[in-house]
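In what follows, subunit A forms one complex with subunit B and a second complex with subunit C.
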Partner chain A sequence: MTTTATQRPPATAPAPGKPAPRRPRRRDGLAGWGFFAPFGVLFAVFMLWPIGHGLYLSFTDQSLTGSGGDLVGFANYLEAFAEAEMWQSIGNTLWFTLLSTVPLVLIALVMALLVEQGLPGKWLWRLAFFMPYLLASTVVSLIWIWLFNPQLGAINSVLTGIGLPAQPWLQDPSLSMVSIVIATIWWTVGFNFLLYIAAIQGIPDQHYEAASLDGAGKWRQLFSITLPQLAPTTVVVVILQVLASLKVFDQIYQMMNQVVTPSTQSAIVYIFDSGFTGYRFGYASAVSYIFFAVVLLVSLVQFRITARKGS
Partner chain B sequence: MTVAIPRRDSIRRPGKPGEKRYGAGRIAAFAVLVVLAVSWLLPIAWAVATSLQTEADAGSAPVSWIGESGVTFAAYAKLLAEGNVPLWAVNSVLSSVAITLITVGTSAMAAYAFSRLDFRGRTWLYAVSIASIMVPPQVLIIPLYYQMLAFNMVDTYWGLILPQVIAPAMVFILKKFFDQLPVELEEAARVDGASRLRVFWSIVLPLSRPILAAVSIFVFIGAWNNFLWPFLVINDTTLMTLPVGLQTVKSAFGVQYAENMAMSILAALPLIVLFLFFQRQIIKGIATTGFGGT
Partner chain C sequence: MRREDFGDRVWESGTFDGDVYSIALDSHPFILFYNTDHAAAAGLMEGDRMRQPTSPDDFLDMVTAMKEASGGSGLSYGYVNDGAQMWRLWYTLYLQQGGVMELPIGGEARIDDEPAVEAFRFIQQLVDPSRGVPNADIQTALAEFISGDSGMLLSGVWELPSLQAAGLPIDAMPIPNLYGTPAAYADSHAFVLPHQNDVDEDARREVYRFVAEILKDSFDWAGAGHVPAYLPVTEDPAYADLLPQANYAAVAEIINYDPPAWFTGSGSDFQSLFAENLQPVLLAGADPQAGIDRFRAALDELLGKPNPV
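== the complex of A and B ==
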């Protein structure tokens, strides 16, 4: 986009003499598209096209190996709806989302409230709580697989040290999801913690000064000023957290050692497995769209709840 | 737009300054904070401790902070000497920097077009871009991979980078920021004959440094730690990023605990060091961008 390009008269110039209220629009036309183009091209090729192509694939029996590709109507969707494993993976995903969101919001809030009490060593607390968020999922998984190790793991050695029985954390189907949730809380709570820190610091000081003058104690200030002021933040944090938790893949795939287990398989793991282990691109695309519909539905429900609370 | 920014000097004292005393409540708060912080630091400390043991010590009971053979850097030395870790680190830096530059550059230009330029199709283009924020990238892995096969981009830097550079949420954040910049400066420059590109480059971008830094930090951390896409599109060991490389070595090594932990620490170190130096900027960047720029 150069100066000459932006100032070149547009191809469909208005008739001469006609007052041109639309001239600014026309003058910006080329510049506007020019500025949009780099993003627009990438967006079209790597976002819009896959969205459309994925929808098409979901109606075919396309295989990763290149064979197939014939239209099969709704066969993939019908098969997915009848497949217990798919429903279980969506159920696991919702379960993980519930199990992880509540502590990820509450612990983050408690951490932020405590750190903002003005206790000494603020940078150290922030470092401690936020640092895990900077780690790649692989690093987090490696560390927690080691901590959860049944014989040599630190967690079991602490448990047996205080007289409790050792647990087969990741190996036990009834415990593996909880183990993954624990690792996830440790890993990502720092993000929500930062959002709360920013929000607490955004509360005007005058509120507290006025409350102090009126004789309100700290607990009173917490419940009458801080928490109500943080309500909009909590809405944002919960929405972001639910969306993030629904997309869980990395830590499950890695901590379960790439083995698909019925009790931990998430929706994305199931899509990945159908597509790249089972080579069934058509079927995996159909499941992608079903899962996308679930995400939209959850977002819609959240939106309805928060909108009602807001009114 | 109110950017809630953690300020260094804003330690809030809910009580009046005169009341600042170390009562039971403060001590309890401090205690809880210490317990939480220790719990959060222990896993990393434990990983460091394991990485400094011999494999024999790490792999045998009883579990201890320091192995019987004492502290050794053998695991690190072995990794740096024969592993691909340095190569993967280079790949991670190259791809993350490229992703950040392309994402922020194209997003800022598009956001400027949406914010300032009046062109045909602007409204619906913006609507489509914003609507796509709802699409989780993970549900596109199948058609995107298919596309990479068609473009011959599997096992290439382009295949690694290009599908990761579309961030409609960043366009949204930047547009909101541009919307509240005063338009007078730009108009004056236009009257003086500056082109749109010149205005964008010399006026808008310098005024937007804080938000550009925030968005860049956010995008960089995401790219640096991304696993699923690089894992899918890269099979060539020499092109892997750190998170992907680690995963393959973990599966191959099996029970090399000290080495696994040493590798984790090596992979984590760059961002942690960066965080120690730029703590305030990174926190601000995450907080601003995380809220969607509000």
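== the complex of A and C ==
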């Protein structure tokens, strides 16, 4: 910050023409810190402190009720490593991430390409595809609980209407995770869609013009111009999507009505249950850090792959 | 407020080692609602009340008759993905058979197999398609009952206002005693004054008075279906005219809470564990004994963990 300050145009300097090597720099620094302070305080209180305190708690037997709090070394970590339920919840989270990320990227891309083909009423399509993203997770969960309802739900009505068997969407352990993924796609695909729309609009028209002069058809243009130009956006979308999917909690917690099932318990649900309904803050903190390590690992692998692609 | 102003079970649940730690406002039991029109059509009414079943099989026959009368379901019971709903009915039937459940910290959970399995066999028959809906959640059950497509509803007293608002011809009763031992399941809302490091005697006295006033005026709260814990309210003649509340208020004398342990209670891991291990019994016809064994194993694991409270 301060190094760039000296290179700024004199508009920020107090007295133009005067060299004043030190003073304006310091004032500039103060102003900078002033602007940074509101964010900095929030960041410290709600990010840095919880991160540090959580790490400390993970080495204690702190209870939600206020009792405990003694240092127990690595006991929480050892217990977590030996707990099959924790590994299963992490496995479920990775499975959800895989199941949700692929369609969330592909469907968003296809929708963006279709809308940008110059459909009539383009604004309406954009609005319709993006609107679900604006809903609160509670609203989305309620909508889909009703849609998935085995007796009264619209989805089963449609299925039986066309002669297919009705399904217990959220109740059948082999279907419940897929059902949650479907609801999640409907809810969040709009954000990726928006990123793709912006990227498509950023591709210069001259490229298409030149290509059509060279005799390239629509498909040729799609594969030789549009998709390659969208590659950097795809990298961003995939990174954001994987991180968002790994954090899955709301819709599982709400759509399963807090009931933990072996096929839908995500890592965050496990952490929440350990800490808030099981009262074991210390243990829950330890699991958080184990999960953090898993997320870090996934991210590193991902950066590795995208970096190789980029080069 | 005196000890004798409260029922035994409600009062005792607020004490520990003889000291009072909480004052209950109410108890809200799990009960049986029924549609009086359908019950009359099914020939189940005796006077202005539904008759009591004489045995578990007789109750099943009553439900079957209700199904014919309503044209929809005989009985609505929503339990899917809902540990509380499942636990409340099962525990009622388990206790009616004299079943005992104990959760000693550091020890092993006691669940009596015979009544545990029998209760599940009975509920399986209740949700059989010949009587009810085999895979309903609570919203489905409520929707079915409120739209008049069902003869009975198993749920908590707190549903009463929405059932009344729907203009249904309903009445309610405690869950019939099918197995001999009078028992019902309930929770209570209670007032607790948290520990104070620095006690202001005057403020504390005012708080006690405030709580006492709320309990004395809890007749209005009874309108929402809950059974007031303060006996002078339910013994007042005005309460006898409050229907259907007065028809199930006696249940307060036979209520049971969750077995005491740090992980039990409404919205707890305990009820969620119950659902996790035993939902397949009702939903997919899985073996009740195997489900009970898994539930017991999960409880033993929790009992073996350090008590975080």
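Simple rule for what comes next: the second predicted complex is superposed on the first by the 276 of 311 C-alpha atoms of A that agree within 3 Å, B and C clash if a C-alpha of one lies under 4 Å from a C-alpha of the other, contacts with A are read in each partner's own complex, and residues count from 1 in each chain.
Note that a residue touches a chain if its C-beta (ideal position, glycine included) is under 8 Å from a C-beta of that chain, and two chains touch if they have at least 3 such contacts.
What you are looking at is a predicted structure, and each value in this text was computed from that prediction instead of being measured.
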Next item on the list: Would you sort A:68 into first (subunit B), second (subunit C), both or neither based on which partner it touches?
Entry: second
Next item on the list: Name the contact category of A:150: first (subunit B only), second (subunit C only), both, or neither.
Entry: second
Next item on the list: Have a look at where A:134 lands relative to subunit B and subunit C in the superposition and call it first, second, both or neither.
Entry: first
Notebook entry, point to check: If you stack the two complexes on chain A, which partner ends up touching A:87: first (subunit B), second (subunit C), both, or neither?
Noted result: neither
Item checked: Which superposed partner A:171 touches (first subunit B, second subunit C, both, neither) -> second
Check: Looking at subunit A, does subunit B or subunit C touch a larger number of its residues?
Finding: B
Next item on the list: With the two complexes superposed on chain A, say which partner A:279 touches: subunit B (first), subunit C (second), both, or neither.
Entry: second
Next item on the list: Could you say whether A:256 touches subunit B, subunit C, both of them, or neither, answering first, second, both or neither?
Entry: second
Margin query: Let me check the overlay on chain A: which residues of subunit A are in contact with subunit B and also with subunit C?
Written below: 146, 151-152, 257-258
Check: Which residues of subunit A touch subunit C in the complex?
Finding: 61, 63-65, 67-68, 145-146, 149-152, 168, 170-171, 256-262, 273, 277-280
Check: Tell me, which parts of subunit B touch subunit A in their complex?
Finding: 2, 4-7, 10-16, 19, 25-26, 29-30, 32-33, 36-37, 40-44, 46-47, 50, 58-63, 102, 105-107, 109-110, 112-114, 117-122, 125, 128-129, 132, 134-136, 138-147, 162-163, 165-166, 168, 171, 195-198, 200, 221, 224-225, 227-228, 232, 242-244, 246-247, 250-251, 257, 260-261, 263-264, 267-268, 271-272, 275-276, 279, 283, 286-288, 290-292
Check: Which bits of subunit A are touching subunit B when the two form their complex?
Finding: 1-3, 6-7, 24-25, 28-36, 38-40, 42-43, 45-51, 53-54, 57, 62, 107, 110-111, 114-119, 122-132, 134-139, 142-144, 146-147, 151-154, 157, 186, 191, 194-195, 197-202, 205, 208-209, 212, 218, 221-222, 236, 240, 243, 246-247, 249-250, 254, 257-258, 268, 271-272, 275-276, 281, 284-285, 288-289, 291-292, 295-296, 299
Notebook entry, point to check: What residues on subunit C touch subunit A, complex-wise?
Noted result: 80-83, 133, 135-137, 139-140, 143-144, 262-263, 267-269, 272-273, 275-276, 279, 283, 305-306, 308-309
